[in-house]
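Below you'll find a set of structures to go through.
You will see chain A twice below: alongside chain B first, and alongside chain C after that.
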Partner chain A sequence: MATAEFGSHNWGMVVDVDKCIGCNACVIACQAENNIPLNSQDRVERARTISWIRVERYWEGDFPDAKARFIPIMCQHCENAPCEPVCPVYATYHNSEGMNVQVYNRCVGTRYCANGCPYIVRFFNYWEPVWPESLRNHLNPDVTVRSRGIMEKCSFCVHRIRRESRSARSAGTEIADGAVQTACSSACPTSALNFGNFNDPDSKVSKMKEDKRHYTLLDQFGTDPNVIYLAKIDADKKVGSGAAASHD
Partner chain B sequence: MLVPVLAIGGLGVVAVMGVVAAFVITGWIGQPIPVLGFEQTFDQPIDFPHTVHASLKQLDHVPADGQAMEGLGLDCTFCHRTVTTQANAGVPPVGFCATCHQVIGADGNPQLDILRDAADIIGDDGPEPVNWQRVHRLPDHVRFVHEPHIRYLTANPSEVKNTTDGVATGPSGVCSTCHGNVAAMEQVEQVEPLKMGQCVDCHRDNGAPTDCVACHH
Partner chain C sequence: MQQRRELDQVYTNRKLLNGQLDTPKWWLPTVSILGVVVLIGVFVIATMINKGLGVTGLARPVYWGLFITTFVFWVGISHAGIMISAILRLTQAEWRRPVTRAAELLTVFSLLTALVFPLIHAGRPWRIAYWIMPYDVARGIYPNIRSPLIMDPVAISTYLTGSTLFLYIALIPDLGNLRDRTTGWQNAMYTVLALGWRGNPRQWKMQTVGGILLSALMLPIFVSVHSIVSWDFAVASAVEGWHSTIFAPYFVIGAVHSGVSAVVTMMALMRWLWKWDDFIRPEHFDALARLLIVVATGWLAFTFLELTFALYGQDAPEIALREMQMFQWPWNMLFIIFFLTGYAIPVPMWLFKRVRTNIALMFWTSILVNVGMWLERFLIIVPGLARRTPFVYTWEAYRPSPVEWTIFIWSFAWVTFLMLLFSRFFPLVPLFEQKESQVFTDDVMIGRAKVPAIVREAE
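Entry: the complex of A and B
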């Protein structure tokens, strides 16, 4: 029962870039799960889109030997987060479960955090979110709808974590490894996205992050993210020799 | 508003400012004084007496046939069925009320006629929902789930606050902690402030998480 108690987990994600096929299912799943406003053409043109997770695409090599490379990027939930100390109202802080948390009702919309974030995963609501009438009843009741003027970002689907820990405590059991899945990781068809508890040495993510391909994004900034990436394996190159894998 | 205030002079200004100050101070501490639509009781479409259904005591309520009666002492979960398992306590559908009230209660009782009409027992306009007014409402940025609170208080009866005229054991006995003595209310009103300070105090006293995302996500 002890491990279902609050604060006994260190939630994190391991992203196996080698498995990512760039299908964007995670993006859509996140959009639907977290009541993210629709990125209409108008918003795209103004570069005001909101997507808590995005799949970045890079081209490697020159035509005709060009290869597409995909990397899903969401809030890295940094242990040493640049967004946290700049918030004047403590709307974003690090909680005892290893997550960087955004408290919508505290946020006053200074946007300092978004300017501080090197991963560009924080999004500001420039407008009141609106959905077409046909989508009104699709909103997730477990997730607050963010109004105009506040910042939002990936929450590691904290409502799902809360739900699982509640049912575990109700049943008097522990949260089983893999019981908590974020919207993106449950939608991923190739299991490139894996969510779990780093405090448990036997969990799937704890074992995966011991892989020699592991690296963290922009680690020169020393943000110590809770999202670990596993580098792409390229048949032409040695493992871990890519620019992104220079860490290991 | 300003013109008559100026016309009656400084005393009127002081009086208006006093009302405003009283509103702000009471609103900060608990419930604001009931002006400007800030009443904590609502006129329901049917004068549903919780006393008759939930209380175990002799009632002032006299039904149409003129005999004084005792409350039925129904468990809260008899009607609010999902409170022990889900986030919402749940308001029973009209058909659920009608399972009893198609036979119980005098014919021609005007309040029961509204219910029977809604349940399509009388009248010919088909079934329709009853538009109950919600009394206890938390802001949209709070995710409150009944289930863990009922579970904890049922396991720790010493933490239950307020007394109830209704059933005092099990889930029913714990509801009074936040909802007050509903079994004694002819018309339900919110008696506890149900503000974040009250939530956090109780969470702190009982070792529940006080992390922001416990409720705000």
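Entry: the complex of A and C
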């Protein structure tokens, strides 16, 4: 099994909501890794921030028994993605590695995909991205800087996957389980975010997703995401009533 | 239809060609003012393309706003032409004659305006050519035909081509007429455009057959164009308020409602501006208002059906969206205005013949309908996107920016500007249609009896 071959993987993520402490390290790591412009005050106020991964916070229960719940949300890389069929120029499509990819060069910025996405994880570049002079040399050379007028979203750190598969191919080996880590999963202090290959039954994520706490976000839409969540364990509650199920 | 006075052909010619042969005094100032508004609009559009869509009020999660609403609005208006000139032509409704050209013209110009919006609302308009033409073969990628945004340009450009041909074929006899009445460069222009029209029987036959064939060919477009526009929304399976299966017929009938109302508005303006009281008469308004009552009521049924389907499914997010659309500020205010102007005020008024034959009242009620129909599209598009999803991160509102409002106003100025420019060179009421209907309603002597020349006109 030459797993370094393109198309032999099914990349995915398992998010253990029980471990998430809402520290936002993943958000910052993603921001730095993927050349995302700084979310200035103005952008926040105008709801134009770009944040490929975000940590949603919910309050459960009434004061004084309120509990803070966190759930990291990024592109779910749906197998049956609502964003893909609506793009007129195939700027977003499903590749053979289970990822929903965004081709910046093709994108004309109709924003149709963003309307279709129920997770609202697609972002539009309203302006040409700018960085403070001190940060200009900090840009990641492996990641395209997106120009104005196009959509962007979580890429599962595709450049890291490509780097690993290239070196594995040239060494004639397979990509070891855990060798590819996304920026968010490598930054997560509690290992709430786990990245790996669902095609390999022995991989860590394949085993994790068999956990009976597993669920997918907004499964009523039948999008079949490649991001699997493991529900919050609450001593007072039954298993399966995690953050996403009781957000209101 | 029999009660009007006889109009002789010289009078008809002089009256209907007054836009071309002796331009009214108000024409130049009006066109100049509109021209300035159009220029301002073009400047704003250019600035927006230059600076980026940041100048709009769009923000997550409302990625489509005023531009797409106005696009749907103008495509809706364009249904006037096909309704009046194709369907009424094929059903031989005689009263359509004076308004056919104005309706077709409205179709062509509103489609031209509608097409601008999807282009300028895109993030990279300079790359949009990739949409409509296949991608360059070297890259081996063709447009995604599953996307309604590919079907849209196909449908609309088909409609635009058909309407333009239709308009032109109906214009040829009048161009011949104008050629014979002008001198100098105008004569040269009309000579070229009239394609050697002499009015011999063979040419008339070809012209008539061409018109009927185009009417029949354009009937499928009547169903397809707005259906496809509605799929822009209906295929978004995860957006409550959008993913409705009845959108296609619902949008089509809504388009007829707004389009025919726009024709009424235009007829009133033509009657006032060019003083065509003899040609655009109260019975035309009467007939259109009767048609509108039926269309509007059918459309209202679809509006209720849409709500019924939403509630029948008992899907909590869908019901929450309807609750927001109808009962939450500011959508509730818009919803009330939409319902009042789109149906509740004009349609009961049209039930009275005194209203239907009152030009001023018809003018204002038809404007109300289009206010309502614009709001209808806005209330479908924006609340659908601004709905409160389970993710609080996306709970944001949308407020159109001054740039968007300017471009919105530009679209109206642009359509009016094109119409007035057209009226300077071509007659807005088809002369030959007018004369033909005159002949049809003439009496002929058979022996000693006086009978109507055309049986279908007998009442």
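Before moving on, here are some points about what is shown:
Basically, the second predicted complex is superposed on the first by the 239 of 248 C-alpha atoms of A that agree within 3 Å, B and C clash if a C-alpha of one lies under 4 Å from a C-alpha of the other, contacts with A are read in each partner's own complex, and residues count from 1 in each chain.
Everything that follows uses one rule, which is that a contact is a pair of C-beta atoms (placed from the backbone, for glycine too) under 8 Å apart; a residue touches a chain by one contact, two chains touch by 3 or more.
Keep in mind that this is a model prediction, so the values were computed, not measured.
When the shared chain is aligned, chain C comes close enough to touch A:88, but chain B does not. In the superposition on chain A, A:208 makes contact with neither chain B nor chain C. Of the two partner chains placed around the shared chain by superposition, neither chain B nor chain C is touched by A:183. Of the two partner chains placed around the shared chain by superposition, neither chain B nor chain C is touched by A:14. Looking at the shared chain after the overlay, A:192 reaches neither chain B nor chain C.
Once the two complexes are overlaid on the shared chain, A:53 sits clear of chain B and of chain C alike. Of the two partner chains, chain C is the only one that A:126 touches; chain B does not reach it.
Common to the chain B and chain C interfaces on chain A are residues 106. Taken in their complex, chain C has these residues touching chain A: 51-54, 58-61, 63-64, 118, 121-125, 127-128, 130-131, 135, 141, 143-144, 146-150, 232, 235-239, 385, 389-394, 396.
On the chain A side of its complex with chain C, the touching residues are 46-49, 54, 56-58, 73, 82, 85-90, 106-112, 114-120, 123-128, 148-151, 218, 221, 223, 244, 247-248.
Within the complex formed with chain B, the chain A residues making contact are 6-7, 93, 95-97, 99, 101, 103-106, 142-145, 155, 158-159, 162, 166, 169-170. Interface residues of chain B facing chain A in the complex, by the touch rule stated above, are 139-141, 143, 145, 147-148, 151, 209, 211-214, 216-217.
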